[in-house]
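Down below are the structures I want you to see.
Next come two complexes built around chain A: one with chain B, the other with chain C.
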Partner chain A sequence: MAEPDATEIEARVRAIAAELAPLEGPLLPILHAVQAACGHVPAAALPVIADVLNLSRAEVYGVMSFYHDFRAEPAGRKVLKICRAEACQAMGADAVAARALAALGVDWHGTTADGAVTLEPVYCLGLCACAPAAMIDGRVVGRVDDARLDALIDEVLA
Partner chain B sequence: MKDFILPDADFGTPASKSKTMVTLVVDGTPVTVPEGTSVMRASAEAGIKVPRLCATDSIEAFGSCRLCLVEIEGRRGTPASCTTPVTEGMVVHTQTDKLAGLRRGVMELYISDHPLDCLTCAANGDCELQDMAGAVGLREVRYRPGENHFATRCNGEENPRYIPKDTSNPYFTYDPAKCIVCSRCVRACEEVQGTFALTIEGRGFDSRVASGAGQDFLSSDCVSCGACVQACPTATLQENAIIDMGQPDHSVVTTCAYCGVGCSFRAEMKGDTLVRMVPWKQGKANRGHSCVKGRFAYGYASHADRILNPMIRERIEDPWREVSWDEAMTFTATRLRRIQDQHGPGAIGGITSSRCTNEETYLVQKLIRQVFGNNNVDTCARVCHSPTGYGLKTTFGTSAGTQDFDSVAQTDVVIVIGANPTDGHPVFASRLKKRLRAGARLIVIDPRRIDLVRSPHVQAAHHLALTPGTNVAVLTALAHVIVTEGLADEGFIRSRCDWDGFQDWAAFVADDRHSPEATALLTGVPAAELRAAARLFATGGNGAIYYGLGVTEHSQGSTTVMAIANLAMVTGNIGRPGVGVNPLRGQNNVQGACDMGSFPHELPGYRHVQDDATRAIFENLWGVTLSNEPGLRIPNMLDAAVEGTFRGLYVQGEDILQSDPNTKHVAAGLAAMDCVIVHDLFLNETANYAHVFLPGSSFLEKDGTFTNAERRINRVRRVMAPKNGYADWEVTQMLARAMGAGWHYTHPSQVMDEISATTPSFSNVSYELLEREGSVQWPCNDAAPAGTPVMHVDGFVRGKGNFVVTEYVPTDERTGPRFPLLLTTGRILSQYNVGAQTRRTENVVWHDEDVLEIHPHDAEQRGIRDGGWVRLASRSGETTLRAKITERVAPGVVYTTFHHPDTQANVITTDYSDWATNCPEYKVTAVQISPSNGPSDWQKDYAEQAARARRILPAAE
Partner chain C sequence: MTLRIYVPGDAAARALGADEVAQAVRAEAARRGVTVTLIRNGTRGMVWLEPLVEVETAAGRTAFGPVRAADVPALFDAGFGDHALALGPVEDIPFFARQTRLTFARCGLTDPLSLEDYRAHGGLDGLRAALPMAPGEIVQTVTESGLRGRGGAGFPTGLKWKTVSEAEGPRKYIICNADEGDSGTFADRMLMEGDPFALIEGMVIAGLAVGATRGYVYLRSEYPDAIRVMHAAVDIARRAGILGAHVLGTGPAFDMEIRVGAGAYVCGEETSLLNSLEGKRGVVRAKPPLPAHQGFLGRPTVVNNVISLASVPVILARGAQHYAGFGLGRSRGTIPVQIAGNVKHGGLFEAGFGMTLGALVDDIAGGTATGRPVKAVQVGGPLGAYFPREKFDTPFGYEEFDGAGGLIGHAGIVVFDDQADMLKQARFAMEFCAIESCGKCTPCRIGAVRGVETVDRIAAGDTAAIGLLTELCDTMRDGSLCALGGFTPYPVMSALTHFPEDFTAPRKEAAE
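And now, the complex of A and B:
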């Protein structure tokens, strides 16, 4: 996917930021909206958001980098998250994770070479009763065993 | 004031301003503190130090380090003492077994991710982490080596968490390996400096201090003020001087020699070597803050360019010859006396320095009045704030600002006009921004979009981007709105001002031709915006006006100052904290130089030379008859020199060739003289035309006082012997004696005693008083023994406030087809004035040449590229420099600085000047810009002449 050029990013981000600026505490909604629109929060977006909200670049960067969900690079076409928190670990999440890493041939936060999927760890999806848990593009999946994981991987690679 | 290095007392959290007092018991000791004080601070006031890492009293409590936990009777748990406010009857225990265990556990965690290289660490001897490990009795770290931020390699591989040092800033180093993520630097950058250049990136164990959005320090928004370095409890942010030299062994409190804010610093020394300058918390002008110049840019004082021996030459075409002090003095005295014999006593004169001390300035004017026998003394204030003196004296009765800097914390609406505080007066700007973040409103009147108009967390309510040269029209229009909309403070005016005068003035400003609508075309300021600004200033609460050279350096500079005074009086904004009229003075002692009688018509204390009683005071003391004829101003001296009637000039610590307008005329005047004496640290540009060079001493090498923009007399203390052998006051005394005067001063305090004996507004000032009080603001006399922070409290010094009619008269400098753009000049944060000092420091990494700011529209019309060479031409001359295309300037306006002699912006400026004081019109010059290939012929000739004029003959064998 070709990266849109900086002027285009700036224009899009400025429009988003200007629209949401009147909100109370507008920075997080703006970051969410930018990520929704661009698939990630490009570095070129930060000074634009800072300018619209009259914050410093450092402040915007500090907030963005605090939240793991805001990504600086584009993700794959799908995002698969595997829970690595305590309850899921107790129910075999480590094996699920290892299988997923091996099947996709990437490390955590990595994207497959064909850009199909990005694999990410997540710390608790609130689905402990159905551990181990995973999430694919926002849809949660419980009781992930080998078979279910393989099905998920087929789905993301399809 | 020489002491061993005892850090300034740190109470952990800022003081509360509450008047309600609360009593509590800390470790059995009763303490009474203002409501809102933290338990930590209350304990500190009782002499009990609660361990802490993330707290320091320059910034608000944060509660992150968990080391300052205490137990409070009746409360569960162990609250952090920094974030817990005191309550009446509270019983606090700061040392219990439970707390000791918790603190040790916390310290153990900190140390588990900190290198144990204390012996070779730059902070060794000045590290709060080390101190706290000692205080809590940490004896072992049970965590096994694991993931960390400090080891370059981990488990045989490169440690991905290790971040190398950032050495991009020339003055300090950021070493992430030592960071404990207490956020003190981030908070200092935000709360103290107000730049918001730092943040914590990541979260949890990934957290690191970051400058900007991942840039290095130099390319981030960092302004290198040093607040983060000051706040850092470890070696993470450390001055390079400490890394290179180790810890200082003693310190001396002194005053910065850069701008008119007059910050107090501790010069921290090793023997007679300066290790670092640290802002002094007790300093009343700066309250513990600093900027890049005062904090770091002192290297010029030991720069190789400094001339340390006197030099003379017969003709300015000759090379310099190093001579003894005796020979230099004899040569000079003989020449000056010969000129006087041949051309009359008025054929010589002198220029006092706004960078030297009050005592030195006083002696130079005394030399001219007593020994030269005339009043041909002037000072660089001629070219900066002489209209302030004239305007404020006419309206209020004193030639000085009305407030102290603390006053800004109580202001509600601020007008900043013709000043760029974030660059010119950075420490004041930080204090102003702090108040703005707390809710005060700001009106900026400036042709250029300065940083205060909009920068992180600061936004001016109104920016009146006027056309250069129309200050008076804008200010009168503001007054028009206030008067015609019934917003004038009639009660204040009736009781404090001349009522008849007010009525005349009110009728004048109320005239329709002064309405914002009528003047909008002329000033370029939209009428609605101007009306809104006027209403805000008149009704927004305490209104304060701060102004700079954008007000004074105009053909109507004095008129503008009076219009400002009118505006303050009509709104009742004089005589209490939070209001007032405040000139921001450019140089460290420009206020003092004016106070000390540096003007050709005024004796010390702004008393006219025609006043017989004042002259009698000095005549009795000095044993001579003084002339009652006002002497020549600088431009008159130069004109007279060209005509051949003025032939000798003693210039102390000024570079008139670079700083004064119309460089070619200045050069012609200097070249026509028989004896030009330059007394300076460096062979400056003026010295190219000098016959005698007397080496000067830096502010580190002498005792004395500087008076800052708030009239505060601050002590300057000698921390090392003069490298040139003599302090400047001693050199002036040598010259006086060579010319026959019987001066016998052995210490500057004796000069101050003479000043206080002769000058009523200084009558109680003495070194003993300054030692006791730290500093005082004049007037300091029997009526105000400890000085006067706010002036005109019960009445104006002149009696009734005087409204002056301010008719707008356009400058004769007009744009036209040949010169369609207006050039205005200013300065930049990292450089100072003509740059003689800052160009000789590492500050050049921020600004190594003057650039021309031009609006994209004007640039495109002329085919000018960003960074390309342009020719800048006016009716006076032309020069070349590089262009910077920016929307900070309006179309039709261009802007540059005058810090670099190779640009010589003053070749361009004209000799139009203020009608009352001759202050040059630097801020308006009609110019044309065109693309260029490189330096102009003038620049090449100039460089050649300068190189020739700076030749020094090798010393005779």
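And now, the complex of A and C:
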């Protein structure tokens, strides 16, 4: 998919921002919608959102960069999240994480060179009674042992 | 004859293959020409048995679990009767039979998005009881029930509502804190996915009580299933007139929206949640002013946890005394304990306050999944203390846990076996605080980073740094603006106090 040019981004973002601006506290819904539409929050989107909401560009950047969810760069075609919180630790999540990092050859938040997958830590998916847990593009997976992780890795690299 | 089969649509069940089981049920029914009504219910909370399939029989619902898709043909062969996975009547399973289900009475029983089911099982009784009451009477009922904030702070819900009801403002808000970020907790998720109308009903009642006309659920982005179900439930409730210009056709206006968080743990703290909802950085606000006086957009605001709000309908329906009749000391009613981590029987166990930690861990949870001895139990999420076996006689209650040097928080318990390295857990507590700190106050922002470094010094054999870590924890506890920096010392100091050998013994890594 070719990266849309700045004019196209601007038009798309302006439409999203204008539609959501009447909400009470519209900035997070706008950032979520932009990310859903573009796959990330492109730098070109920030001045447009600032303009529509009558904020400074720094304020919009400040909000966008505060939250772990919003990405300034596109992610891989799939996003694999592995829970690193305590309940999963108690069931061996550290070993699962180490295996995933090694298999994909990336660090946390890293994307494989072929752009197939981005690996991210997550702190709790609420699957603490069937730990360790993972999520692949919004699909949840419980009791992730070596075999299940390997299957997930095969799936994201396929 | 139509078979009624229930396969949970809850995220934990789906994480264990419930979608595949549901698909297999449909395929097998079609292959055999059997008419099946398949209902994707919430979970009963017995997660170790998920996917837990239930079938309606003349004698009630009987359960099978854990079911894999490959087991489905054999279940049909057995006529959903005698089979190796048969568990008998679902509500007779000891883990379930021992509970007192008030807040979670419908969870797992009903189709989460069927209003008909909801009404048939006591739904809207609370709201109907509240509608003719004066706002002050509703507040009084909630006060008398003894309900306290289930998010962790344990602040009396009735008192919070009274403050908002007496505050002046052009508009008031009911905000549901569904930013359930604590590891080991999933009660909010389970309720929202399994009985979303209960939360909506609780928010409407709160609106009537304090004169609020608008509500928001601030729901964490890590819960895509809960987000989907809550959106659908709000739409259904609006179409049915439970929400809108006149609640249930005759009441005042109340409407609500679902807002999705963006992956910041600190937004579970109520003032940073308000900032986030307003579209700002999720930075903590200094109190006062209280959110009850100046909350969302500077207006009077109730901020309550999912479970607090979802417990309100049953309190109104059955009366304050019924709810207050359960519990221990100043902790009234029931608490949904979430049993997680290294346990044989993980899941949600709702019961009156008062059962001991030991009974929960050894008896109800059945010990560890690995079969090894329990070393420590973290109660109350990443800001909760690690309890050693010597403290297992602590009864579940706000004051009782405080007295034992801990907190119940959102009532998640995470069990660790004897393989756990408590220095590593202490380091993680500091690391997590450093990652999630909003940055506003120094003890949290800088302290957590220095905390990681200090634990690393101890790990490298510098035992003199133990005193430094203790002092740092004192500073964080006394000087932080909110519970993130203020409570991170709980896991760190409890690990250090109860498991000193993990901090002083020569370490493998250091020797290598």
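Convention: the second predicted complex is superposed on the first by the 156 of 158 C-alpha atoms of A that agree within 3 Å, B and C clash if a C-alpha of one lies under 4 Å from a C-alpha of the other, contacts with A are read in each partner's own complex, and residues count from 1 in each chain.
Heads up, the rule we're going with is that contacts are C-beta pairs under 8 Å (C-beta built on N, C-alpha and C of every residue); 3 or more make two chains touch, one makes a residue touch a chain.
Model, not experiment: these values are computed from the prediction.
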Comparison of chain B and chain C by chain A residues contacted: C
Which of chain B and chain C A:R143 touches, first, second, both or neither: second
Contacts of A:A43 with chain B and chain C, given as first, second, both or neither: first
Which of chain B and chain C A:I16 touches, first, second, both or neither: neither
Touching partner for A:A129 - first (chain B), second (chain C), both, neither: second
Which superposed partner A:V79 touches (first chain B, second chain C, both, neither): neither
Touched partner set for A:F66, first chain B, second chain C, both or neither: both
Shared chain A surface residues [contacts with chain B and with chain C]: 62, 66-68
Partner chain B, residues of chain A touching it in the complex: 43, 46-47, 50, 54-62, 65-68
Residues of chain C that touch chain A when the two form their complex: 11-12, 14-16, 47-48, 50, 180-186, 188-190, 214, 221-225, 257, 259-265, 276-283, 296-297, 338-343, 346-348, 369, 378, 382, 412, 414-417, 420, 425, 428, 432, 435-436, 438
In the complex with chain C, residue positions of chain A that touch it: 23-29, 31-32, 53, 62-63, 66-70, 83, 85-91, 122-131, 133, 135, 138-143
Chain A contact footprint on chain B (complex, rising order): 195-203, 210-214, 220-221, 454-459
